[in-house]
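Going in written order, the chains are labelled A, B, C and D, and every chain counts its residues from 1.
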Amino acid sequence: MSHTTKEKSKLLARIRRLKGQMEAVERALEAEMPCGDILNLVASVRGAVNGLMGELIEDHIRMHVVDPGTETDSERAKGAADLIDVVRMYLK
Amino acid sequence: MSHTTKEKSKLLARIRRLKGQMEAVERALEAEMPCGDILNLVASVRGAVNGLMGELIEDHIRMHVVDPGTETDSERAKGAADLIDVVRMYLK
Amino acid sequence: MSHTTKEKSKLLARIRRLKGQMEAVERALEAEMPCGDILNLVASVRGAVNGLMGELIEDHIRMHVVDPGTETDSERAKGAADLIDVVRMYLK
Amino acid sequence: MSHTTKEKSKLLARIRRLKGQMEAVERALEAEMPCGDILNLVASVRGAVNGLMGELIEDHIRMHVVDPGTETDSERAKGAADLIDVVRMYLK
């Protein structure tokens, strides 16, 4: 079973929140709000998408490549743990 | 008038396309599609948000700070043109 | 006078620190240190370059486009202040 | 053997090129070149660091986690291949 299926309800809730943020941008445009406010709303959408992407990649590593917590090959477990550290530094 | 008001219909169309991409992620999750496909869908949302952000910032510079095309102060016009080049390199 | 000339000594010190970080990566490679350590060293170079870039862009806006602190045109001052906020959110 | 040891000479050449780019920024500052030129030089350092980081992560996945080309567990091989695709989209 794919990790996105296993985490389906959690991820669906997150996607719906993101859609809600986009709807907030839509309302702000329709209400002709100041440009600075709209820039900030879109920047927060960007941050949320980056956060989602970081989590998806981390879960993907654990469930479809190597899970450092359960892997018996110690070199692979260390390699996967290092990889997750770098992904966190980058994408969250 | 704020540039986001002036470009309202173009920006609304763009944010609605972004919402459509999010709905595609939602459907893919509900249909329990493979994790790799979902990663790619979210990555393309990220690219689209970055593109929108880059365009918003460039329009903001032109309409609310300095427009290199119409600015009479040549140093400011050059400064704004250099700034727009860097923003394009970064955000699109 | 260009802002990078005005801030020359501060920026030169920063560039030399960055070169020092790169030399640390070089030594780590030569000493055949573990791959995880090298990944982290390069990630910190990346963070430092992003920080430098953010600061260069902010100073560029203030000195060669519009300085919100001294600009008499209130709309331009507001536009530049909003722009600096977004640059900070992005590049630091 | 760590992949950064195995690829030592290639990576050393790359980090030395990066140092050379930083030295070019240093010379440009000392020569008081225009700010736009310096912004572009630093932006290209940023691009080069991102490229190096992407390559380090991809090699790390192949050599210390799962190599899609040699892995016998087909689900892991597919997971690693998907991961490398996303890393490429992000960091190069």
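Of note:
The working rule: contacts are C-beta pairs under 8 Å (C-beta built on N, C-alpha and C of every residue); 3 or more make two chains touch, one makes a residue touch a chain.
For reference, the UniProt names are A, B, C, D = Metal/formaldehyde-sensitive transcriptional repressor.
This structure is a prediction, so every number in the text was calculated from the model and none was measured.
Looking at A-D and B-D side by side, the one with more C-beta contacts is A-D.
Work out the mean CA point of chain C and of chain D, and you get 19 Å between them.
Computed centre separation for the pair chain A/chain D is 23 angstrom, with centres defined by C-alpha atoms. Annotation: 26 Å between the Cα-based centres of chain B and chain D. Within chain C, contacts with two or more other chains are made by residues 35, 39, 43, 57, 60, 63-64, 78-79, 82, 86, 90. Contacts between chains leave no pair untouched here, as each chain touches all the others. Partner chain A is touched in their complex by these residues of chain D: 57, 60-61, 63-66, 75-76, 78-80, 82-83, 86, 90-91.
Across the interface of their complex, chain A is touched by residues 2-5, 8, 11-12, 15-16, 18-19, 22-23, 25-26, 29-30, 32-35, 38-39, 42-43, 45-46, 49-50, 52-53, 56-57, 60, 63-64 of chain B. Taken together, the chain D residues at the contact with chain B in this complex read 35-36, 39-40, 43, 78-79, 81-82, 85-86, 89-90.
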